[in-house]
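Same chain, two partners: chain A is paired with chain B first, then with chain C.
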Partner chain A sequence: MLGLRRWRRPWLGVLAAIALMLPLVVSKPFAIDIFIRVLLFAFIGVAWNLMGGYAKQLSLGHAAYFGLGAYTSTILQIRFGISPWIGMFAGGMVAMAASLPIGAVCFRLRGPYFAISTIATAQVLMLLFLKFRDFAWGAEGTTLPNLGNAPLMMQFDAKAAYYYIALALLAIGLAITYRIERSRMGYYLMALGEDEDAAEAIGVNVLRIKRQVYLISAFLTALAGTFYVQYIYFIDPNTAFSFNVSVEAALVSIVGGIGTLWGPVVGTVLLEATSALLQSWLGSSHGGVQLTVYSLILIAVILWRPSGLLGVLTEAYGRIAYAGPSREREGPLDG
Partner chain B sequence: MAEALVVRNLSKRFGGLRAVQDLSFSVNENETVALIGPNGAGKTTSFNLITGYHRPDAGSVLAFGRELVGLRPYDICAHGLARTFQVARPFGKMTVLANVMTGAFLRDKKPEVARARAREAIDFVGLSAKEHVPARDLTTIDQRRLEMARALATEPRVLLLDEVMAGLNPAEIDQAVALVGKLSQRGLTIVIVEHVMRAIMAVARHIVVLDHGQKIAEGNPKEVVANADVIRAYLGTGYVHVATPGEGRC
Partner chain C sequence: MLATVAQAIVNGLLIGGIYALVSIGVTLIFGVVKIVNFAQGEFVMIGMYISFFLATRFGIDPLASLAVSMPVLFVVGILLQHFLIRRVLALGDMPQIFLTFALSLLLINVALLLFTANYRTVQTPYTEMAIHLGPLYVAVGKLIAFVVAMVLSAVLWVFLHATDLGKAMRAAAQNRDVAMLMGINPDRVFCVAVGVALALAGAAGSLLMPFYPAYPLVGQVFVLMAFVAVVLGTLGNVTGALIASLMMGVAESLGIQFVGADSGLIVVFLMLLLTLAFRPSGLFGGWTR
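Right after this comes the complex of A and B.
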């Protein structure tokens, strides 16, 4: 049913076709590298958006799950020779297990206090991996053994292969979001994001729903962690639990449109592409200019369009298309 | 008639303030009971105690013979008690339909079923024309209607309405009164907190009067407005002689 409905929307087919053809047309490693980063961060944004966007639980600690995913698969691969394909899911499981106690503590707090407590969880994990050297290589980290072209160990000669993995991850993330958005859980997430007390009054077990969406979000973020390590062949606590990952996950969603299906994708395309292009054009001659422009975009969006770029478009579309009273619409935003 | 809701010796203190003291009353099935009293009398606190938002220091709340004290609000809603809030709390970004569907999901997981039930509740409160309007764009009375529809969609047996008529103009109050009457005809048990006396007289057969957290009077509307304690609580001691039984007005 999902597949059928999907092809009824021609633009989605076009988009998918472009995404699939892109590595065949553009073959510069530099360009593909940017595409991979865009897909990866869009995927992390999608994972974050389930919780931070729909349920408005502003987590700034998703690096915790990114890092756990990265470390789990790497430890399994180097110590036990287990394929990262399996390690990826093991990482997801570890992240889910970790999200339960983290959630139990952090969900007691609301608003900015919740955000701050999540930052702390990622930092604590980073310190643990920094200090315990025999556990996971400590501060100097480790490189992954280069096995050449070994698809079973998630290593490829062709960069395009990584591109397709990232694309698949993003497609999975979007499909999951699409399903959740239209289910009871989607409505519950949005409702508790708007008003927790009012949601409880109509029978929403707020804490349980938060816990469930945190599990899903943590699992997906961990998959991204594994992929990233496999892609850059290196892991250390500062990369794996980088605060930048947490911030980026939130920023791409906020800029693109918080709590919308395509928001994180739109936001990543804009931010990552701008940042990468500016860096390559100006990075060497005018250091710091790209960061300035990047920041200006952020300030502009947050100042004038806090609902994000997609929010502006959907509102305009809603005004034009649904002026009549009884048109059928779907999803919690539109009933 | 069977008792739908029995409140027994309910007490709650906030620091030094005794918000509700030893409150007892009961509501029969399909009856409409009003809870009235001056500002700060403990009406909303009583609602919060009954619906699980505050935990009482003492006392019990039985709904259809089942103890509710200690349950969380969503459990209490699942047991058939739905409430509205004094200040309407719609899910602003979501449409009217999505708001009400969220309530309907309590009884059925399937979106199609929830959508159908939500439409029914929206139709009942007369909001069908605004189904696709985001809740934050509604007028005050429509937001109140939405709150009622959302509560109705959870298929309650007891409906607790917290000042649904505050801030409405006289014409709107008439509409709201008619709506509460319609809810009662549908077989719902209703507990209503209200300041608009005209509305209370029209909808409630039984009134419980609170002052400083205590029940000071109880009875049918005529008895209550003639009650000396009630007049003293509302108007002060100087006015007690004005009222004589039988010609009580408010």
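Right after this comes the complex of A and C.
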């Protein structure tokens, strides 16, 4: 899925091989669980990054699409017996449809107020789903029927299966980002991200580009939502529209490297590894430790490395591989 | 029916006074420093915990602890501006938004670690007291909070319009470069603006304490309201934020009364989205400060 013919970079092959072999080597459910979380949040980060990183539309409401994806597939499955594989795409469509009116309102605002208005939309959706008692189970939520090993209904005995689905999602997300980065749209996005007024002045239809990238970003985020409820077998408005999803989507991208292909992946690996270490070190009894550490990392990155940690890695890689001066923006990872 | 509506409006106005303190702070920082302080609600939370601990450890009335919470948060504001916000002013949107956002996350979670998620309340002689005005029922704690909030807003207005520092602040808000040319030291003005904004948040916290529980996430309730009020009241417009806060208090209260107990926020968010759709520059767009 990553475009096999284009593999001129050996490290990408190594990475893919490691990613594919990982569940065969590591079989502890605890570890697989962490890997799945990493892949899932990296994928959500990749989806967010299209919008927040390339176009610099800093959304803090991606939970809206995560939740819509989760609810669409669950409602289709439980009420109509439709497979979540279909529900997943239906969820993506619903999210795309929702992104149009939400975008129409929120795109009127810039910068911080865009962020705030996206928070508001996710909150409104959560409050609405809390009210839909007959149709969507209200605040109590519902558990998904356990069908045993039913691949057609996206249910598996083996955790590794979920791992491979999450890996596939991430690969799709990265492939789409890679394509967009190199397309006309990608250049429009970057122009828009650099300076919205200037982009408009030179003839970029700013509103249309924002709308298009929001559609893609919403679609991908909704896929993650479906996957997540299928994985945890439970849905309620607080899980599906959790503010933490919106936050983590932005956080992993910013920490890793905002507006870069691999930034969200690097950010997620770092943050989830930190969180897993903290948990094994302190036990899970200390509420607040994880986000305290996340926010400290975020503050540190903003003050000292606003372009993210990917830059640090590429510079180090550049020094090792080429023993020459490092390149600033176009590191070897995407050059 | 009429009495119910009137009662809802009174309740809304009273809580709207508190929203006003928070949103005036947000709009002041936005107007002068051009930063949206996502952590403003967390400073309300800190104000509440200051009053809570002064009340439970030393028996100090929450209203008296205004004399502690406001100066403490004023100093915190100066430090915040000097050590953190100042460093991202020259950077783009992302660092400017996510610095205060990260700070908000940090303060919430540190509070969670230090104080746990438990609700903390303070009982005062006036917590349960109420005045009956005909069919209306006015809780004394909320009334005091409202009156003090309005007095503080008035003091701020006088400060902004009648003192040199206040005028310098408005000048810096209107045009930073020209203000600098006129000999205004922007660093000093910014520090005072953030300090004043945080002091107002601290005041809101202390005023809330007699009738509202303190918990780590409490600031989120107020900051969301404040953001909506600031957009409704036109960004950077202090008077607009005050009027919009009172309107939102009323809208929320009517929403709770007529739509359902958990619908106050829906009404408020819908107000925000409708405003953005039809009047994105806020209700007071044409007004000058």
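FYI, the second predicted complex is superposed on the first by the 293 of 335 C-alpha atoms of A that agree within 3 Å, B and C clash if a C-alpha of one lies under 4 Å from a C-alpha of the other, contacts with A are read in each partner's own complex, and residues count from 1 in each chain.
Rule of thumb we're sticking to: a residue touches a chain if its C-beta (ideal position, glycine included) is under 8 Å from a C-beta of that chain, and two chains touch if they have at least 3 such contacts.
Since the model is a prediction, treat every value here as computed from it, not as a measurement.
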After the superposition on A, what does A:232 contact: first (chain B), second (chain C), both or neither?
neither
Please indicate which partner A:18 is in contact with in the superposed arrangement: first for chain B, second for chain C, both, or neither.
neither
One more residue to check, A:115. First (chain B), second (chain C), both or neither?
second
Applying the document's definition of touch, where does A:158 land relative to chain B and chain C: first, second, both, or neither?
neither
Which partner does A:86 contact after superposing on A: first (chain B), second (chain C), both, neither?
neither
Chain B versus chain C as contact partner of A:254, first or second or both or neither:
second
After the superposition on A, what does A:168 contact: first (chain B), second (chain C), both or neither?
neither
Partner with the higher number of touched chain A residues, chain C or chain B
C
Check: chain A residues flagged as touching chain B and also chain C none
Could you please specify the touching residues of chain B with respect to chain A in the complex?
51, 53, 72-74, 77-78, 82-83, 85, 89-99, 101-103, 105-106, 109, 111, 114-115, 118, 128-132, 150-151, 153-154
Using the touch definition up top, name the residues of chain C that touch chain A in the complex.
35-36, 38, 84, 87-88, 91-99, 101-103, 105-106, 108-113, 117, 216, 224, 227-228, 231, 235, 260, 262-263, 265-266, 269-270, 272-273, 276-277, 280
Which positions of chain A touch chain B when the two form their complex?
182-184, 187-188, 190-191, 194-195, 197-206, 259, 322, 325-327, 329, 331-335
Could you pull out which chain A residues touch chain C in their complex?
56, 58, 60, 104-106, 108-113, 115-117, 119-121, 123-124, 127-128, 130-131, 247, 250, 254, 258, 286-292, 294-296, 298-299, 302-303, 306
